[in-house]
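Letters A, B, C and D mark the chains in the order given here, with residues in each chain numbered from 1 onward.
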Amino acid sequence: MSGANKQNIGWSREEMAKRTALDIPDGCYVNLGIGIPEMVAQHVPDGREVIYHTENGLLGMGPAPAEDEIDPELINAGKKAVTANPGASFFHHADSFAMIRGEHIDVCVLGAMQVSEQGDLANWSTGEPDAIPAVGGAMDLVAGVKTIYIITRHCTKEGEPKLVESCSYPLTGKAVVNRIYTDLAVINITPGGFEIAELAPGISFDYVQQRTGCRLRVGPQLTAAVSG
Amino acid sequence: MSGANKQNIGWSREEMAKRTALDIPDGCYVNLGIGIPEMVAQHVPDGREVIYHTENGLLGMGPAPAEDEIDPELINAGKKAVTANPGASFFHHADSFAMIRGEHIDVCVLGAMQVSEQGDLANWSTGEPDAIPAVGGAMDLVAGVKTIYIITRHCTKEGEPKLVESCSYPLTGKAVVNRIYTDLAVINITPGGFEIAELAPGISFDYVQQRTGCRLRVGPQLTAAVSG
Amino acid sequence: MIDQHIASLNAAAADIFDGATVMIGGFGEAGSPIELIHALIDQGARNLTVVNNNTGSGHVGLAALIENGQVGKMICSYPRTVGSKVFPDLYRSGKIELELVPQGTLAERIRAGGAGIPAFYTATSVNTPLAEGKELRNFAGRNYVMEYGLRADFALIKSECADRHGNLIYNKTARNFAPIMAMAAETTIVQTGALLEVGSIDPEVIVTPGIFVNRIIEIANPAQESQLIAEGRSYP
Amino acid sequence: MIDQHIASLNAAAADIFDGATVMIGGFGEAGSPIELIHALIDQGARNLTVVNNNTGSGHVGLAALIENGQVGKMICSYPRTVGSKVFPDLYRSGKIELELVPQGTLAERIRAGGAGIPAFYTATSVNTPLAEGKELRNFAGRNYVMEYGLRADFALIKSECADRHGNLIYNKTARNFAPIMAMAAETTIVQTGALLEVGSIDPEVIVTPGIFVNRIIEIANPAQESQLIAEGRSYP
């Protein structure tokens, strides 16, 4: 759909993580999903102190260790080796999900297969009969964390829109997403549906609309930017 | 009812605690109520290792400290200063009652106002309109601990029976008591009601029956002792 | 930057509002945040619903808060401690409301509130007056009563040591309700014996992670309730 | 006298019976009691229901137990770890049953089982296929699903240090499910890196009190799953 040069249009994975990181406030508790969301931590602007929660029992997660400092018993939810920052704490799984379910985590950043204009999220199963269903902590996170950000390419590899009127894949949660960061735009979920808050450099509203499964609106910020 | 010499008939408080202590098995986890039950710990036979739980967050409770070693933040459920034995652990209230409710404590020894022949226990309120109701952990203990022993004088100060057909005071729990240790006898709760397992020295079955609110039976052990 | 340190007791308690639900840690005097309670007396918020295992002793701490007429309702398991006169007198004269909850159910309701569990079932209190009006349900042949999670606007608790992120450890049986109250309150205010630099407490032994804490004030030498009572003290 | 020390792996696992429910600690390889799992393979009990967050990797540990045909049903949140081939193949051919549970609900169900809570409500999975057939209930305007407490006949867990009373501490994120599984099992069997004298562990830092533990075997140098897999090892 987007042609041979699709890698050069819009934001890269790194840029999507960087753009998301701008919206992580100082002093908040954040859970980052596997994949692009993990990269957000590297891009939080200097001067902001953010504490990372990983649902397998660590608050105050730090970056990956040097090769010779890996402890296979100090890992994140993606089962990769991590470190513990000063002020970190370890706890068991029930306490860890009490933090999530009890709405103590401020922000969670996840990937997506589909997001609907009501903020429904599908990111755990294609629903195909031979798929091995695996949910992990995704349903707990979207049910319990106050603010849910999604980072995802705007379309699938096959060029199908991931932002849709209603999800065809099994849901992770209903009306849970607050904001979506794609390679093309930053999109808020509003009572009126998808609202574009920001466009990637060189990307037009129409370009994004053509690649979206339902009607987009232009947010007030973007209107100001366009008219200004 | 039992006359001027009532203090000299049957078991003393100390002897009741001592008799109960014989039935605390080696290696078990025990919660002792306030009053005579607390005295049981001093009388567990040598060679048995028993671990005491106090519901305010300590497993491995030891005896009272010397006067100069009192820590007002190391107390038992009766709010008296205690010590922590080697192997003790501290935990919060929800974890402490998870031990109780989850049936991890083997034996609990409590006092009683009334016990019915079905094993109903009343030990928290007289139900009088001007009484300040206070339940503490008693209802949790009788609902969760596997074996409930009661230590109580056989009659009230006014000479009324405490072992009754059915409790007139508000219940702590229904069908929860396994065994009762009074100043006159050891009584099991059986499907057939109260069954005397043992009589205090010099006490006859008839003497106990006269001071009990419903029909007593003679247990097989006692029959053997009498006939033998 | 995360620095939960508050310099003054007045500032720590400033925004506790009339009608707020306030959980107060402690089992008797063990773990009672007596300086924070006295700050709440100074501050003067009224018509509070207070959650504590007891109702205080003598005329200091929680008993003084009640005596000062600031508490409209107590949620507790045992309002009849030795030396507890204030609550019984007010209760008998109908001037304070009481919700009596079995101690384990109280603890579990607080833990549930903090863990996002709106309700759960327990066998505790079934067939007793404390189950009256509550929903009963049978699981695998046994009856259980449904109990609701409990949350609060504020928690006042005491810890042994803290760091500026709000990580806490406790002293012995002073731990009691504090860790679960910290989870269940919108704003958790801690008085601590020693405020340490971040990283000073071993991550393996932290009992309350800082995520559950909002404000910390250092009270290096807290008053001991029993000693104040022995001295015949009252507050204010 | 309380001494939970067991001298041999065979003795530790001897009474695990066909059809038993077995909780196995670990999140991936972190906290996986691999020597105990291999002892269960040697022992041979079949038709087990196994509770673990995952389904193992490679051909050692939990994956080997499944591959050996001993597991009739898995209760887990994520049976699709990198390097997990054994379970997917058996699942696709209909040879193993799967109960998929969201990770936090799985943890809370285990904790509830250990705490004597037969059921509780959670918002997790509402409006998703995993809530199908489950009871929904509205509290304060939000829908919640009812979930049941989960108990087991046995738990196999790994700890860093233990004493002879069964008091345990863990290493970093190897803690994960172990403390709650110890609570929820009739018989909790622990492999520990160091078996210490009673009194060696500070009472303030014990994570699992001995009351939740039944047997301890010392495995001073446990195998690491990822290393066995890297070496191409399989069990038995």
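Annotations for the structure displayed:
Simple rule for what comes next: a residue touches a chain if its C-beta (ideal position, glycine included) is under 8 Å from a C-beta of that chain, and two chains touch if they have at least 3 such contacts.
Since the model is a prediction, treat every value here as computed from it, not as a measurement.
Annotation of chain A and chain C: jointly contacted by D, touch as defined at the top.
Note on connectivity: the fewest steps through touching chains from chain B to chain C is 1. Using the average of C-alpha coordinates as each chain's centre, A ends up farthest from chain B. Counting C-beta pairs in contact, the pair that comes out ahead of the other among B-D and A-D is A-D. Put simply, the C-alpha centre of chain B and that of chain D have 37 angstrom between them.
Centroid to centroid, with C-alpha atoms defining each point, chain A and chain D lie 30 Å apart. Chain A and chain B have Cα centroids separated by 58 Å. Of all residues in chain D, those touching 2 or more other chains are 108, 111, 115-117, 122-123, 170, 172, 203-204, listed in ascending order. For chain B, the set of residues that touch two or more other chains comprises 84, 90-91, 94, 97-98, 100-101, 144. Applying the touch criterion to all chain pairs gives A-C, A-D, B-C, B-D, C-D. Taken in their complex, chain C has these residues touching chain A: 1-2, 111, 113-117, 163-165, 167, 183, 198-199, 203-204, 206, 209-212. Per the touch definition, chain B reaches chain C in the complex via residues 54-58, 71-75, 79, 84, 90-94, 96-98, 100-101, 125, 127, 130, 132-140, 143-144, 170-174. Here chain D touches chain C in the complex through residues 108, 112, 115-123, 137, 139-140, 142, 144, 148, 169-170, 172, 202-205, going by the rule given at the top.
On the chain D side of its complex with chain A, the touching residues are 27-31, 53, 77-82, 87-88, 91-92, 98, 100-105, 107-108, 110-111, 122-130, 170-180, 207, 224-226.
On the chain B side of its complex with chain D, the touching residues are 26-27, 29, 47, 49, 51, 53, 59-60, 84, 86-91, 94, 97-105, 144.
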